[in-house]
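Several structures are given next for inspection.
You will see subunit A twice below: alongside subunit B first, and alongside subunit C after that.
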Partner chain A sequence: MATTKLGFIVQRPPYKSENPKLALTHAIATQSVEVYLNEGDTVTADIAFIGDGVLNCKKDQKAMDYYGLTSTEQHIKMALLVDINIWVCKEDVEKFGLSEDDLVLDAEEFGADMTVNVVPYSEISKKMEEMNHLLFF
Partner chain B sequence: MKLAVFVSDYRMTVDTLDRLSPEKMGIILVQNGVYHATLKENGTPSALLNKSAEFYALKEDLETRGLDASNVDSKVKVITLGDVVDLIFNDYEKTAWI
Partner chain C sequence: MGKLTIGCFASLVGSLNLDFAVKLSAAAIEKGHTVDLWVSGNGTMLSIKDQRPFKDYSHLEKPLKELMAKGLTVTACEACAEARGYNKDVTMEGFKRHSMDWYLASTFSADRVLHIGGE
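The block that comes next holds the complex of A and B.
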């Protein structure tokens, strides 16, 4: 019986490449991986947005309106709905002149209990040390 | 030559833009290039906006990313996809995508 902790680190901005969305969809997919594991084994996923990756968390994305795409904002909300921890680097948010008011912080409309955590990089670094595997996107 | 250059990345890994010297240059910010129009890293606007050119940013790509046209730098004109077509046909002889 063991828990494998996966840390998904998103460091690219949204849309130009699939990378940030892949991090989110892979993290969400860990919720259904248990059928492939031995009894008692579990996998957890946490997501951290750092560097240019924090731009994924900008709220009011209109990707569906213009391009018929599920927005990265919606993917973040889905991740919250399935109780994935999401960390956003406070320093990088501030570097871009953004504040918490500019970010998607919850998914209340879907009934999610989890919220996005905007924290100093030092805290994200500690979380990364707790992970068994880090995956960079 | 009148050249329209599409810039689709925020982090530029090539210096092609610096080497271009057309008689008239339009820089059309699309995809992740639109971040040049809105972000001020550590309070400083993108260095790209210091170039001698006309600047445009695609409204659809701004709003896709949750960016508001009201936050766009005053040097940049917000345009639609229809406007891009007009620019290509009416204002510039050649286009480049970097």
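The block that comes next holds the complex of A and C.
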């Protein structure tokens, strides 16, 4: 019985590349990873948004209205719904002139218990040290 | 010997990231390591068969087939491939297709995970 912890670090802004969306969809895929593993073994994913990546967490995205596509915001909410830890770099949010009020922080409408954690970079760095592998998106 | 899991999201032509991933896979297999290569997003372009080897564009079908014969496991994200019209009929022989959880499961037993993002 063992757990492999993956840290997904998202550094790129939304909609300019597929990377942030792929980070979220791959992280959400931890929900079904056990079909490939022995009983008791699992893989977990934590996601950290840093640098330009914090822009993925802007709330009220309109990707569905304009492009007919699931927004990054919706993917973040889905990640919260499946109990994935999400960390957002507080300093980088502030560099963009944003505050927590501008960000998607929960997915209450879906019944998610988890919330987005806006924390100093030092805390994210500490969390990532706990991971077995880091994946940069 | 160890196990290396490589994830690559870059397209076949352009950044040379897939070229690097395939060369790294070859080097690792040559040393006796096990390699799982996962391609997702635009990286699924690698799975298409009948790549014509122009000199101006990356073409990895031949080295990839040689590596698969030596034990390389290479898998494409099925949803990413289908979204691009890369269906099973155009997938090269031996190239597996799975959902994203396959990649995560591969990391479970990997000694090292090297994730190479997209463009």
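Rule of thumb we're sticking to: the second predicted complex is superposed on the first by the 137 of 137 C-alpha atoms of A that agree within 3 Å, B and C clash if a C-alpha of one lies under 4 Å from a C-alpha of the other, contacts with A are read in each partner's own complex, and residues count from 1 in each chain.
In this text, a residue touches a chain if its C-beta (ideal position, glycine included) is under 8 Å from a C-beta of that chain, and two chains touch if they have at least 3 such contacts.
Given the structure is predicted, the values throughout are model-derived calculations rather than measurements.
On the superposed subunit A, the positions of subunit B and subunit C stay apart, so the two partners fit side by side.
Residue contacts after overlaying the shared chain place A:135 against subunit C, while subunit B stays out of touching range. By the document's definition of touching, of the two partners only subunit C reaches A:45; subunit B does not.
Centred on subunit A, the angle reaching out to subunit B and subunit C in the chain A superposition, using CA centres, is 90 degrees in steps of 10.
Once the two complexes are overlaid on the shared chain, A:66 sits against subunit B while remaining clear of subunit C.
Of the two partner chains, neither subunit B nor subunit C is touched by A:126.
Once you line the two complexes up on chain A, you'll see the smallest CA to CA distance from subunit B to subunit C is 12 Å.
Residues of subunit A that lie in the contact sets of both subunit B and subunit C are absent, per the superposition on chain A. Subunit A meets subunit C in the complex at residues 2, 4, 6, 12, 17-19, 22, 25-26, 29-33, 35-37, 41, 43, 45, 132-137.
Against subunit B, in their complex, subunit A makes its touches with residues 13-16, 52, 55, 58-63, 65-67, 69, 71, 73, 95-97, 102.
Against subunit A, in their complex, subunit C makes its touches with residues 7, 9, 40-42, 99-105, 107-108, 110, 112-113, 115, 117-119.
Note for the complex: subunit B touches subunit A at residues 8-11, 31-32, 35, 39-43, 60-61, 63-68.
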